[in-house]
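The two complexes that follow have chain A in common; it is paired with chain B in the first and with chain C in the second.
Now for the complex of A and B:
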């Protein structure tokens, strides 16, 4: 169950809420059809309405708290899309803590991230709060050395 | 993982090309439908749609002076209808004519 988050993520911010109540029970049965825009009818009931925290606040907090924040399909150790896999592979070349959320697990979070970055596809990479782009851009920045530059003052993972 | 041909009357690929061509005046515009490579992946399992994943190579003067993120946004903005109607992912290589000359990397 902990696989929804990867090492280092601020567990307080979302784990509990995302895994609460009915959503928890439905996760496996709806994991696949959860995805995109075609299965809105089967969306898990909102789990945030009463929490006082909106999803966009969570995204904002994520990118603020985590020097390298990745929104992806699947989890870093088991990406479920080639592009997400590529982004993880590139970022793992560097000795920095990597935090990630699996947007396949929550269509609402997926939409919140899209709205936050004004970017339509996944994965999405944020470094030190700045939106970087998707896998093509991360790979390109890796090749040009820009990524190294961006990541150099991030404290290595323990 | 069977390859599904795109023989619909006006395929998404055709629409994508014409939108990009007319707005960005591309000098090179290569679009490959690679949906078959993604047909089995988690997000696509229950989707019957084809034309969901493309590789795009586009060269345009309009990318001059724009960061990569900006270039990608320019492409995505033009394709917002497609992205809302089943286009899942684009792998984008966006360059300026100068950047593809033999000496430049």
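Now for the complex of A and C:
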């Protein structure tokens, strides 16, 4: 994480320097605008920057926007791990909208989620922005009735 | 390179001082997945999530090698006693 962040900062200062030099050299190019994202030369740099610094924002936004958010291996209709499959099965017992991201597709997202929740394994379940736990905890809460209680004020899916 | 059942047991024993501990290698012996049943006084007054976090923390080193850790039970001695009793009075369950 630290190295990605460092690269992000390095890329940012580099872009800042390049844009300011472009500002003075504007007449040489018709393509360059003040927005570094629009010029091809800057795309890799800004991509690196995004991947390093905004992944935790994505996670934060995910859990805020989605009443039930699941980070799992595979997708809900095709889980690629028994524990992820179990979590989906339990949550599907309830009539609530289920949002999920497949962490197998994105190792950086995987690390960002782990850092966000301070939890080492997947799946990870968030309900109304609160980290609930993995499949053992979700199953246990299902059995004790706690899960029903947690989910009761979520608007059913359409 | 995996982790042995004994390593998991010894870390949990030294950090959580359990009155009952059952560690099962569920990876078929390659040391990458374990199921844990643990009874400890240290769980008193803690939510399930916190109890699982305590188990994860106790196994911090081992977790680098373990891919799946299933904490089947993390209960206090009192809860454990109750569960044992209800199991005995109701053997079908």
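Throughout what follows, the second predicted complex is superposed on the first by the 106 of 158 C-alpha atoms of A that agree within 3 Å, B and C clash if a C-alpha of one lies under 4 Å from a C-alpha of the other, contacts with A are read in each partner's own complex, and residues count from 1 in each chain.
Keep in mind that, in the parts below, a contact is a pair of C-beta atoms (placed from the backbone, for glycine too) under 8 Å apart; a residue touches a chain by one contact, two chains touch by 3 or more.
Model, not experiment: these values are computed from the prediction.
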**Which of chain B and chain C A:120 touches, first, second, both or neither** = both
**Message:** Applying the document's definition of touch, where does A:83 land relative to chain B and chain C: first, second, both, or neither?
**Reply:** both
**Asked** Once the shared chain is lined up, is A:136 touching chain B (first), chain C (second), both, or neither of them?
**Response** both
**Request:** Mind working out whether A:74 is in touch with chain B, chain C, both or neither, as first, second, both or neither?
**Result:** first
**Prompt:** In the superposed arrangement, what residues of chain A touch both chain B and chain C?
**Reply:** 81, 83, 118-121, 131-137, 140-141
**Contacting residues of chain B [partner chain A, same complex]** = 37-38, 41-43, 45-47, 68-69, 72-73, 76, 80, 83-84, 88-93
**Request:** Flag every residue of chain A that touches chain C in the complex, lowest number first.
**Result:** 81, 83, 118-121, 131-137, 140-141
**Complete:** Per the touch rule, the chain A residues reaching chain B in their complex are 31-33, 35-39, 73-74, 80-83, 104, 118-121, 131-137, 140-141
**Message:** With touch defined as at the start, can you tell me which chain C residues reach chain A in the complex?
**Reply:** 48-49, 52-53, 56, 63, 67-72
